[in-house]
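Input: one structure, supplied below.
We just call them A, B, C, D and E in the order they show up, numbering each chain from 1.
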Amino acid sequence: MKKIGIADTMFSRFDMGNLAISTIKDSGESIKTERYTVPGVKDLPVACKILFEDHGCDIVMALGMPGPKQIDKQCAHEATIGLMNVQLEKKKHIIEVFVHIDEAENERKLTEIVKDRTIKHARNAIALLKGKTELTRFAGQGIRQGGENAGPLVHIY
Amino acid sequence: MKKIGIADTMFSRFDMGNLAISTIKDSGESIKTERYTVPGVKDLPVACKILFEDHGCDIVMALGMPGPKQIDKQCAHEATIGLMNVQLEKKKHIIEVFVHIDEAENERKLTEIVKDRTIKHARNAIALLKGKTELTRFAGQGIRQGGENAGPLVHIY
Amino acid sequence: MKKIGIADTMFSRFDMGNLAISTIKDSGESIKTERYTVPGVKDLPVACKILFEDHGCDIVMALGMPGPKQIDKQCAHEATIGLMNVQLEKKKHIIEVFVHIDEAENERKLTEIVKDRTIKHARNAIALLKGKTELTRFAGQGIRQGGENAGPLVHIY
Amino acid sequence: MKKIGIADTMFSRFDMGNLAISTIKDSGESIKTERYTVPGVKDLPVACKILFEDHGCDIVMALGMPGPKQIDKQCAHEATIGLMNVQLEKKKHIIEVFVHIDEAENERKLTEIVKDRTIKHARNAIALLKGKTELTRFAGQGIRQGGENAGPLVHIY
Amino acid sequence: MKKIGIADTMFSRFDMGNLAISTIKDSGESIKTERYTVPGVKDLPVACKILFEDHGCDIVMALGMPGPKQIDKQCAHEATIGLMNVQLEKKKHIIEVFVHIDEAENERKLTEIVKDRTIKHARNAIALLKGKTELTRFAGQGIRQGGENAGPLVHIY
């Protein structure tokens, strides 16, 4: 059975890990999950590596909510560089689900973004487990996570 | 027969992967293609590595349309760092075809840029398969993809 | 017995290393510590690697106080990239405890931040030694080090 | 006989590769050259690696003219990170000769910068082939490529 | 006998390499030095690697004076990333002594900064050769190179 790793943070203001796990369970797919919780996003890369190497995960979701300040953007960047390195070393995808706290003007909207992005990316993780052209039917369709799809440019011409 | 990998995204608002494949087919060259579609540009590097290692690609085109915000620039930067690492590990070129959504003032112009850049870089990929001096006749000629050539400075003096 | 490495700097304006060590001792846990002091934050990564490889540390705290200027942010960024690489190579956590000198409007507040962040992250280091779900009960709770918790978004809806 | 690799781009508006090669020839030194032309600066690192590994180069000049926009600076940065990684892997110098298109107010001045920087760095490449203290007599002398030397501070006091 | 590598640049406007060497000699310690001069700061990382691997250095000082422009900050950043990678690969310290030309309002002050930072960091390099707690007595003391110490926050409360 395939296994999806769930790496999440205490810093996040929403239990994204729990939502990702329940989305995977509700998918009806026969997939196991394995969780690892760290303080903040910069601690996620080594957690992901451990989920791959010691817990046999086939793909990992890295979930976090970076803060609103410039230094927080820098932290998110550093976390992503680490996640990239782990992916390339293991030759396996890490689906990064980061919601920046300044993406929304209020907490209600922020919650909507977090939920939408987490659920949709959990479905992307499941799709990527099935093969490299599973998402090809959506290629170039302007698909978004965390809000409405932008749609394809080609429809206009 | 040589093989060109085509890594593209759902996030893109134009089916760049399809255009790249048809450009390669229309070239008359005897080249196979292999496609891999991911959610966004940060997922491209591991897809490229898989296209090289598991699907025998000789070169890969990494196609995407990063969004207009500062955070999108950061994502594109992170994707490029990953693509760079894959290239150096495999000692093979990845032709990055990124069109930033804020490059054009309207969607018609944006579509023109996407098409022009994708087609021209598909031809560059074919040329690089032929050898390291295949493009030397264009060296220093101010060649552009996605718009008109800037031309060489030397003509003015 | 588990061992926590303590890498700290002369540049810092507070003896964060000493506070981290006393926090670990006061925890009542049976944990040893090993210290390494360097000039500034960019010297921390190699110190952390030495603490892991030559001194058998299971986790390392990297403590520093980057200056207030833009170039100092760049130095902190470079230090973090190095710390990330060490973590991934050793597959062990480095808890980065950086306090930027411009985080507070005065020295009293700055001291409070340094103390709070150092103590709380020492506790996080201890928790991570116990396993990957030790902190899961705090996942998504908006936990902060260096100030009050932001709390979870979910409580509002 | 020593060999200098010449990696250049189609994007550049000046044939820097050709000028580098003729400068090396005109030096009277017994040095061979090997050329590799790519579309843009981000394609240079893998070309340099191939020049070292498959063509026996002892040092490589990486020549390019990044564009004037912020995204072009980012591309140049990404290229440099790749060039750095190749240098460290091969333990051989890559002399990066980048001229940013916004360095000069007009095309005449830009051409002067390109020529001056390319010629002087070709001479630096030759010097570095001779040993690690070949350039020591110029240490701290404020030497510039692409314009006049700044000169040493020490002369003033 | 221990050996300190001295990697310096022609770009620098002060002969930092010579000052570092004389500081080490004047220290009375039994330490050898080995010099490597390159054009600019981005050429330092591979020089440092060569000093470690081919010349048996135990620690290296990387000395340079990055220019005042934004692109110069980017170059310094790229150099530092390379220096970081060399340190981690060799598990040995590189003491980076960079003085940014815009740090001082005039050349006299700039010269003072260069001298002070070079001398103090030469002493730090010597101290680090003696062991990992040699500098612990200065931990958290707000020690600066290139100007007056900031001093510890703790003295105020």
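In the analysis below, a residue touches a chain if its C-beta (ideal position, glycine included) is under 8 Å from a C-beta of that chain, and two chains touch if they have at least 3 such contacts.
Computed from a predicted structure; not experimentally measured.
Colleague: Trace the shortest sequence of touching chains from chain D to chain E and report its length in steps.
Modeller: Between chain D and chain E, the shortest chain-hopping route counts 1.
Colleague: Measuring centre to centre with CA averages, how many angstrom lie between chain B and chain D?
Modeller: Each chain reduced to its C-alpha mean, chain B and chain D end up 25 Å apart.
Colleague: Using mean CA coordinates as chain centres, what's the gap between chain B and chain E in Å?
Modeller: The answer is 41 Å.
Colleague: Multi-chain contacts only, two chains or more: what residues does chain C have there?
Modeller: Where chain C meets two or more other chains at a single residue, that happens at 77, 81, 85.
Colleague: Going round the ring from chain A and on to chain B first, in what order do the chains come?
Modeller: Order round the ring from chain A, first step to chain B: A, B, D, E, C.
Colleague: Given the complex with chain E, which residues does chain C contribute to the contact?
Modeller: Chain C reaches chain E through residues 8-18, 35-39, 42-43, 45-47, 49-50, 53, 70-71, 74-75, 77-78, 81-82, 85-86, 89, 107-108, 110-111, 114.
Colleague: How about chain A: which of its residues touch chain B in the complex?
Modeller: On the chain A side, the touching residues are 73, 76-77, 80-81, 84-85, 87-88, 91-93, 95-96, 100, 121, 124, 128, 132-136, 138-145, 150-154, 156-157.
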